[in-house]
Each structure stands twice: as structure tokens, then as C-alpha cells.
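Letters A, B and C name the chains as they come in the text, with residue numbers starting at 1 for each one.
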Amino acid sequence: MNNPQLDQDGRLRHLLSIEGLPKKILNQILDTAESFVGVAEREVKKVPLLRGKTVCNLFFENSTRTRTTFEIAAKRLSADVISLNVNSSSQSKGETILDTVDNLIAMHADMFVVRHSQSGAAHFIAKHVPPHIHVINAGDGRHSHPTQGLLDVFTIRKYKPDLHNLRVAIVGDILHSRVARSEIHALTSLGVPEVRVIAPKTLLPAQVEKLGVHVYHDMKAGLKDVDVVMMLRLQNERMSGAMLPSAQEYFKTYGLTQEKLRLAKPDAIVLHPGPMNRGVEIDSSVADGAQSVILPQVTYGIAVRMAVMAMLAGGQSGGTQS
Amino acid sequence: MNNPQLDQDGRLRHLLSIEGLPKKILNQILDTAESFVGVAEREVKKVPLLRGKTVCNLFFENSTRTRTTFEIAAKRLSADVISLNVNSSSQSKGETILDTVDNLIAMHADMFVVRHSQSGAAHFIAKHVPPHIHVINAGDGRHSHPTQGLLDVFTIRKYKPDLHNLRVAIVGDILHSRVARSEIHALTSLGVPEVRVIAPKTLLPAQVEKLGVHVYHDMKAGLKDVDVVMMLRLQNERMSGAMLPSAQEYFKTYGLTQEKLRLAKPDAIVLHPGPMNRGVEIDSSVADGAQSVILPQVTYGIAVRMAVMAMLAGGQSGGTQS
Amino acid sequence: MNNPQLDQDGRLRHLLSIEGLPKKILNQILDTAESFVGVAEREVKKVPLLRGKTVCNLFFENSTRTRTTFEIAAKRLSADVISLNVNSSSQSKGETILDTVDNLIAMHADMFVVRHSQSGAAHFIAKHVPPHIHVINAGDGRHSHPTQGLLDVFTIRKYKPDLHNLRVAIVGDILHSRVARSEIHALTSLGVPEVRVIAPKTLLPAQVEKLGVHVYHDMKAGLKDVDVVMMLRLQNERMSGAMLPSAQEYFKTYGLTQEKLRLAKPDAIVLHPGPMNRGVEIDSSVADGAQSVILPQVTYGIAVRMAVMAMLAGGQSGGTQS
């Protein structure tokens, strides 16, 4: 049972998916991230952990937002960052992905942050690279988006430290969401006893129960007494497709309003991976309300990405950077 | 009378427009810029004033040239620069401008350089951000382009130190020019006694006299005995529109030639914000001639932008960077 | 006889083409590059030679790959790098190339890396700039791509140190290849006694023999007993044009297979400038085989570009950077 994410000594070598990561590593990432939260609040938001290292943002699928978070994280670690939007480059000249990767390795790139529309792309690259090169999956098809899953549990842990005592609901397009898959794996691995998914049948994968979740089609029943509500983004292409009647209809049934949120525990928190469709999956009064932790998610996302990069680069704990 | 550009202690908090900036602040920016002119001439063109700070270039309207000047200025101050061309990013995913801004603030961005095709966009963002975040308007619609106005008066002051004794002519498309508006406000605020605008009626805003300028339709009369000629760029879309007969015709009437320039004072200087349409609003022999200070404008533009960023970030005078 | 690439003291001022560079300078670049190979293998891959300098990537023709190599080289020298994709910028606003360049010089750019689809573009810019500004040609039309030529001979020298005793074959589209021209000049200047070109008549320039090469149309005859095989990329547009029957046909006649390679010396090495068309000009088993030095070329390409930039910036030998 060879785990491609760990090296021989059981340390993190790549971050490809939450699935398959031992609980110990998950906790190590979260604890390391804790030490990086403070860096962003310093006068000089920079530590020299990755100085002289070259981080390649290899984006086969455009995403300014995700690219920016990794770019900021890498620069705060003092790395040199090279951003390649691969649609507009050698791929169009017929070069294979592995040739592109091999070339960047020959230029002494140290780390790849990979986003691709096809599931498994980051695994494919990770399998190919030599031992001293590290790969971070920044979203592959419908499969995985592990740093998003990690920042979500990091955020939950900040507000609800006792994960073993939580009821969490994930609401929306579970079927097409790599975020949902990563969240479910992170939550169950860390011992959250009850994870619910709330969605219409058309937006649920077959046999979703096998992931260890409870399925609800009725949002009111699903939100009842939960501690955490994790909303998902509804992709525009789903709204216009035959899959859903209309954005308005969706909002009525599965959009999170103050009224529906009242069914959760009074101190429940609300998460959303962004970018939000206000008025589609979430009402503005909730997004901007007292229970929303959507912007803290973004803040912690930088700390989590710094932690992952630092661990991959040096195996060092984040505590040593001062 | 709450001035959004100043904090409670009367220090610069945002740079949104020249309009509304006290003369004292204008002079403070120009004096601070003076101290940064020397930085670009050093062997190592870098000062650590913004080290560990994150400057976001938030360009909703593409402008490689302006973005480059801010990027160079920020990097010479040792900031980390994140450039977002927002057309190609989250905006297309339905996220609002303020959500984009809030996300970047959650990532601990310190400063936004904003360019937008709509007047008021930078003000809108400035009104929204918390006190420790700073906004620089890099051009909003037809409204304002304050760093351009500042670098123009900085350049004029360099060659003609006694502003109280100057006659200045601004020539061209005043109507659509945010540059012209910023120049007029800067010049009149700093006590230039006579500012003329020279343009056909179709390229003048209604009631332009209320800005404190003298209106000329005849270029020869308008250039008579001026100390400074500020040419404006004629946008291509105006030339092809019904507004003007033709580029050739425009050149004949309002293009600056050596012959027309001879009507100004013998030591008059010529400015242009760039990029130039040679042979349309300005003849090459003038653009490259002895009276042209067009390239010094570009040089001083970096110093002015460094000064503004340094003042916003630290309230420090540029003199402390050694 | 004024050589635009050298200053009055015979030192490198611009790198525009291999043609016209004295052998002494070529060797100096290669020797300096030698000292930079080690930098990429250090823990911190950075030297401060260009700290505080501004390097402008001025790409009038898009090339993510080449731009990336120069960006990495400049960043490892601690320069600030500004990348301008000039198609999407001021050029479209009617500004001339020289105005764009003058503006960047006014912003105190120190070095230009220029890629342009027209032959002579880098020379044109080099002729225009003041003495303290340096220009590197990163590919101009069909004319020259000197850093590619240099990294190729650097790679050959690494594996076959005695250049005076080599037989080298360059195979493929010589006609449209700036790489081939640069390679031929580099090899003959450094004293390689026999350089062969192998191509169909339609892909050879008129009077190619005048470059000092031996012409072969038959690949088997041409590869006989050579020490080095330099494959060229076949541009897609050639394949679809009337110039060639088909990619398959081309592969059969001029594609490098293990079988054909066996005609060369047993220890012959294989080079390719990339990006490769596997199965068109080169078989995968050769590209990835034991005789391939295609990825070392990429590695040495960074060292060569660092060497050129360091020499231009300071005239310093690479040995002083420790």
C-alpha cells in the first residue's frame, strides 16, 4: 500500500487529496498553519523559509482567485513564484504535460501548484516527478481540492475546537464539487461524528452514503441543530442546464436565508468556499451576518497554504520561522 | 465635511482625486517624491519601506503601461505585488467587486491600486475598506487620474519652480480626459494663476469655465506666451467617430508643431501623458525636441507613485529611506 | 567596423546574435555560465548580482517557455522582473516600439529581453538605447536566438569537451529556424570542424553552404559517425502547409529513431531546443533515451542566461557571486 502523498519516513511529500492522508498528518498541517496565522498580522508579513526556492503555479484551468492565494502564500515564504497559464503556452504547441513539467524541473523548480480540469492530473504529475520535487493539487476536475478542505476544517476548529462533538451540514451541488469531496474526507478523518449532505437528488453522486454522510433532500430537516453549515457554490452552467428549474427556484429550496439558518444551533457558523452567488445559494444577510466565517476562511486559507508549502519544502514545523 | 482621502489627523489615507486634496497635502506628496527621484539613480534601486506589504493592482480595465509604473514603484519599495486583471477572473463568475476586495483584504492585502472604466469606482472601494487599507485611484472613467496630475505638476515644478508665475495651456480632448481634470485641479490648487484649455467645442465639457480655466478654440491664440503646453492624447475611438472630421484635419488644427510651439514662450516646456499618437496630436519633431519633457514625466511618475505609496503605508517622509 | 554587441573596451554590451561575436566573448560567456551551474543546485538558489536592477521582458511574440527561462534567470540574480506582453498593451494604442522602449528606460529599466516576430527587432532597439542599457535578443523572426545557440554549445562542451574534434549534424527545418542559424554560427566560431545540415530541399535556405556547413538530404548518410545530433522543431504551420506531404511522412524520412541514431557514433548525444513534437521530428524512445541531453539543455539554459545577464550588468565574472 504505497501512499503517493507520503515519503518513506511517513512525512508529507505531496498534497494531492485529503483521502488517504493519515489523521496525524492532517493535524500536523492544521497545527503548522496555526503558527502561520500570526505571520500575516506582523508589520513585515514575510518569513524566509522558502527563500531561493522556485514555486511554479501550473494552471491548466484559469483561476485568478486560487492562483492569487498560492502566490501570496509563496511570496510570504520568500519563494520566487513563476505563474504559468498553460492554456496559452506550450500545450498549444503540442508539448505534453509531462514535457512541460520536466522542463520546469530541469530549470530547478522545487514545487508545483497544479490546477487542471481533469481529475487525477496532479496525481499523474506527482507520480512522474523525482523525490525532491513536491506537488500540491489546487483542484482537479470533480475530484479534489485539498487545501480548500483543510482551510475549512481549520476554520471550523478555530470556532468549534471540539471536532468530536459536532454536527456539520454541507449544502448544495455535492455531485460536481471537488470542494465537497475534500470537506467530507477532512471532517470524517478528523472524527466529526455527524456529517450531513443536503441537496436535490440531481446534485448528489450515486452511493454518496458510502462516504459516511447522512443524506437530506429537505433543507429544513438537514439544518436542524447543526453546529456548522457549509454552503457550496452553484456553478453557473448547472443553473442554465436542464438540471435545475431556475436560480430563483434553487434559492427558494436550497438557498441559505436567515430564516432557515435559525433551524441550526444558535451559535452555528456558516462557511462558503467562494466566489459566492449572492441570492442563489446564499442570502446576502447571511453572507455578511454575524454567523458567517466566510472571510476568516480566506485568511486561514493563506496560513494553511503556507503551512503545506513549508512542510513540503523542509519538513519544518511552522514554529521555527521567527 | 468628511474628506474620504484624509484620516482624522489630516494625513493622506487614500489617493482618489486631486479635487478635495488640501494644498498642504499636494505639496507634501511633491516634496516626498523629490526624495525618491534619487532612488532610481542608485546602483541598487530599492528601499525597504514597504517590505512585507502586499500591494494589489486591481485592474478592471486593462492598461499595461499604468500597471507597469505602479508595479515598478511598489517593487522598488520592496513590496510584494499581486496583479489582478479582473476581467478575466472572478467577476465573470458573478462575484461582486466588493466581494473581490473583501477577499483580498482577508488575505491581508495592504493597498489597492484601482483602475476602472466607471467613474467613482475607486471612491466606492475606498468607502468600503477598513481604516488600515489604502486605495489609490489609477484612473476611473472620465473622472480622475490623480497620480498623472501629480506627476505633471511635479514635472512642471522641476522646470518652472515658481508656479505662481505661470501660464499653462492644456490642449485637446478635455471632454473625455480624466487626465485633464486632474491636471486642472492640481494646477489651480497649487496657485498657477492662468490655466487655459484649447479644444474644439465638441471636445469641451459643458461649463468648463467653472473649473477656473480660460477657454480657447483657436490654438494659436491659446498658445500665445504660455510657459507650459500640456498635450492630451486623442483616443482612437474619437477619431473614428462623428466627433471629428479626421486625424489629419485634427492635426492641422490642434496638433502641436514646431511652428505653433513658437507662439509660446521660447523656454516653454511640452508635456504629454502618453501613449502618444505621433502625427495626430503632436508632431514627432516636438515630441523628441529640446522643449519636450515627456520622458522626464515618466521618470518622475515612478517617484510620485513611490511617494504616494510610502505616505499611505507609513506616513513616513521619503527622506527616511536611506 | 562598429560591432553593436561590444562596447569600446571590447566587452559584451548587447547579446543580439552569435554572428559577429568574437570567439573570446563566446568562450567568456560559456565559462561564466559554468560558474552559475552550481547556483541552481544550492539550497538557496539566489545570488545578489542584479539586486535593485529592473529587467524588462518585452515580448512582442508570445512565448511562455522562453519568457519563463529569462524570468527564472533574472530572479535567481535577484533582479526585479517586469513582463510585458506587448501585443495586449500600448502597441494596440498606436504607440511605436521605440516609444514603448523609451518609456521603460525613463522608468529606469536596466535590461531588455526582446522577442519579436520580425528579424532585426532586437538590433533596432539596441541601436536606439543609451550606453547603460542592455538588450538581449530572445528570438527575432527567422534570424537569431543567440541564448539558444549558446546553451546548445554549452551542453555539447559539457559532454564533448574537445570541440575541435567533433562532427555535428543539425536536422530538420533549417529554413525557418532562428535556432539553426544561431547553432551553426556558434559551432563554427568555436572551431567545430564539421557541421552538417540534414533536411529536404524545401526546408533549406538558398546557399546554405556559405555558412560553412555540409548539406545532406539523406538522413542516414548525414548521421553517419556524427558525435552530436541536433534536432529542430518542426513548426505546425509547416506540416499543414504544402511544404511537406504529412507529419507521418516527415517522421519516416527525417524523424530521429533509435534505428537511425545507431548510424551515429555509439556515444553520440541528441539535442532538441523544445518544445518537442514527439513522433514528428523525434521518437519518444530517443527523446527519453540514454543519449538524450534535452533536459540538461534546459538546465544549462538557465545558467547561460544568468551568465549573459550578469556580464551585461556588471561585466563581472560569474565566479564572484559567492
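Please note the rule applied: contacts are C-beta pairs under 8 Å (C-beta built on N, C-alpha and C of every residue); 3 or more make two chains touch, one makes a residue touch a chain.
In this text, all values refer to a predicted model and were calculated from it rather than measured experimentally.
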Same-residue or different-residue interface between chain A and chain C, half as cut-off: different
Angle of rotation relating chain B to chain C [CA atoms, steps of 5 degrees]: 120
Centroid distance [mean C-alpha coordinates] between chain C and chain A, Å: 41
Junction residues of chain B, two or more chains touched: none
Interfacial residue positions of chain B with respect to chain C in the complex: 40-46, 62-65, 68-69, 71-72, 75-76, 236, 274-278, 295-299, 301-302
Residues of chain C defined as touching chain B within the complex: 51-54, 80, 82, 84-86, 88-90, 93-96, 99-100, 102-108
